[in-house]
């Protein structure tokens, strides 16, 4: 595999869809929220993305079956005139290298623009590093009109002394260059564990912004599944630590197995 | 050398060959097992692979002769109707960078598919970090049918909270995307030394899966040879540590000599 | 985005312009000096550069609006016969990888050569690591004639036991290969803070070299704004530290969010 | 600059030239020996190589003039029938990334093969990490005939438990794939300082192998000049350490200046 590859599973068209990105990140707040929404509303997977920019590894599921590193596109069709079509991007990884990140974000924006997407929401977490009484939701956006929309939903606008690293930031930045509008919503989290409360806070704000009720009763269950994926990632990290010392005499050779 | 290069030594064709990968990895369990099988059954080298994705170095053999970083393809022809043709991939290195790993695995799968290979076994180790009484063999696979075959051979199915890093994982993952079936067998090992016992356990399971008796009497001898290769790798690593401090003022310049 | 992209905002032509580079670097001395000059003389932004070689992130401004990583080209038109046209390159980042640095510097030199630029000034800092009584300005150049010009302005010629890392050095080196002449001016700074005094010393020397008076009254104000940008960068760095530990089991996956 | 660039200064042809590589490395033993030979025999520079795979920086000479990272090709014409033509490769850097090393070595071999070179000597150091009474010279080669030649010159054949990292190893390995013969000579050195004694031992062995007397009286002088280059490299390294902490919030951004 030399280039990223989109595998379209179902031919489908959308009416001005909102593109929602929720790849793994801080506290996996965004991923948890998006996975919950997909499950709650019976989202349909219509495309997959495989890429040489992903980590060179596989996960193993509960049956011992290998799973590729993958990004997955789900859709949710509007159920009435108040709602919109959604394209939701989830997965078990992001691009590994900086240039891979740019390449993947660009390809994915091409892909969703092909479906008519002109707006982007990216979901993530904001790590505080200390316990939180009640998880706030922070927001940033590509333009002042969208900032106003966030404020109306009582989302705290992110202060100037920060930035957004990775896909959640890059989709907005590269989208802005294509005249796509968008916002990043970040659930405040201590970090370092799967934060269902931060995801719930995030979902509640999404609920307002999207004008649709989202039940969060099953969120804790879903958090358990996300924990399993994280656990795999941590186990792989430990393995690689060990491998580095028996490798090919090369600091960078972390990938032997 | 700008691209990877296959050097085909012997024109040969196979009948539905099984592709077995055993590049260097944890405890060099897979490599040791594969090298032993090649020697035991007089495997024939029919192709070599050189790549700019390998570490920029050479090894030196007992006569002072330089050896390129290399991946090598051997074949074993079926000796009767119960057996199969094998293509076995061994070598002294894996790809160095993540993108190099993807590129090499893709090119190698193209190569073996060209010989009609539709099934893959990857051989590796599973590091425990502590002493082991009796080395178990763990398995994962691309599909549930293959998992059943592994279970029949009393191979322990790898639990869900893990993954497989590097070639052993990636060949299965990328193979799965091409509708190739396969399994990874991992000999449990403390890691950090050449584990002939883990390799023996692995060979015994292979023996069952492949339906052919494999004598392991000479395995300890073979382990000694593998130790030499590892020793070279470690010596190179130490050299590079030293070089970093006298280099070009650049953290990444680990390759001067 | 697969390649760097120049976005030309205003069609403009110049008369033998001097190209001045002042991307972020040590103590942000060069950036601070250049930003001040642009503001003081009402510089006009005429082109932008976006690149996949920049860090995969965005900054967030005081209103919560995301800002892409960017390099920006401003011009200052000569106000009289004694002055020259200037093309000034500023921005919030440099290329991230070594090969990205070479690629970007080459593309930018192509760009400014297209406007007739044959001379380069690069502005930077020289970190001492200890407090400084009065900030000296050090200089290096592509040729001995330019060295003489620097000496006449009482600029200390940089001693032989050094070098210049990054854009400030590379523009001169790659420029020299194209027969462009140039100098690097480095304001001595303890480093580790936004050094308005070093920037003032640098501006005073530029004032002599360019033959134009440059008022520095508002420099401290400008330093405050630069501090905000640095603060964002540091906050992002801390975030990434945290992220590394909850990431995809991969040391290099620093970009998740 | 997107690709490596050869700048041929003098059109020249050779009679079966020996290609000698001596880029910076351990103890700079090889570089010191080669620079001495070039000076002693009035070697003529006939080509230069610039590359985006070099570190993104410049050095500054004693006059404050910037020097590009560079590889340089010198020739020495045979003075009588016993001698051979030499192409000697020296410079102030090697390729930075593993893939850059492969690319550069391949391009350089193409270049010298174009001049009829079929044999390679690479010169380097072998670090012991402890004081040495008398510096031995170690050797490795592409073939057993060349090993015999080394043995006749009382060069110690490198034991099997090692390898050669970087250009000195890669030129031999990639050369071997092109049917070029060659040897690597390594002067034993404690490392960490410019080792004129190791270089002298190396030159004495070269003297035997090449059948020409090489005066080493001026070697200490030459060692002083090499020290200056190393000092620059170390100073750049320290600068970069400082820069990392004030950079763009990115671990990899080591190149700002």
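Every chain is named by a letter (A, B, C and D) in the order it is written, and numbering of its residues begins at 1.
Operating definition for what follows: a contact is a pair of C-beta atoms (placed from the backbone, for glycine too) under 8 Å apart; a residue touches a chain by one contact, two chains touch by 3 or more.
Owing to the predicted nature of the structure, the values given are computational and were not obtained by experimental measurement.
S.K.: Tell me whether chain C and chain D, two copies of the same sequence, contact each other through the same residue numbers or different ones, using over half shared as the line for same.
M.R.: Homomeric contact, different residues on each side for the most part.
S.K.: Compute the centre of every chain as the mean of its C-alpha atoms, then state which one is farthest from the centre of chain A.
M.R.: Here the answer is chain D, farthest from chain A.
S.K.: Report the inter-centroid distance (CA atoms only) between chain A and chain D in whole Å.
M.R.: That pair's centroid distance is 48 Å.
S.K.: Give, as an integer number of Å, the spacing between the C-alpha centres of chain C and chain A.
M.R.: Roughly 34 Å separates the two chain centres.
S.K.: For chain A, give me the residues that contact two or more of the other chains.
M.R.: Residues 55, 57, 96-98, 163, 165, 232-233, 235-236, 240, 249, 252, 254 of chain A touch two or more partner chains.
S.K.: Considering only the defined contacts, which chain A positions touch chain B in the complex?
M.R.: The contact residues of chain A facing chain B are 1-2, 50, 52-69, 96-97, 100, 228, 231-233, 235-236, 239-240, 242-243, 245-257.
S.K.: Could you list, by residue number, the parts of chain A that touch chain C in their complex?
M.R.: Residue positions touching the partner: 23-28, 55, 57, 92-99, 101-103, 105-106, 124-125, 127, 129, 139-144, 147, 150, 157-170, 172-174, 176-177, 184, 191-192, 230, 232-237, 240, 254.
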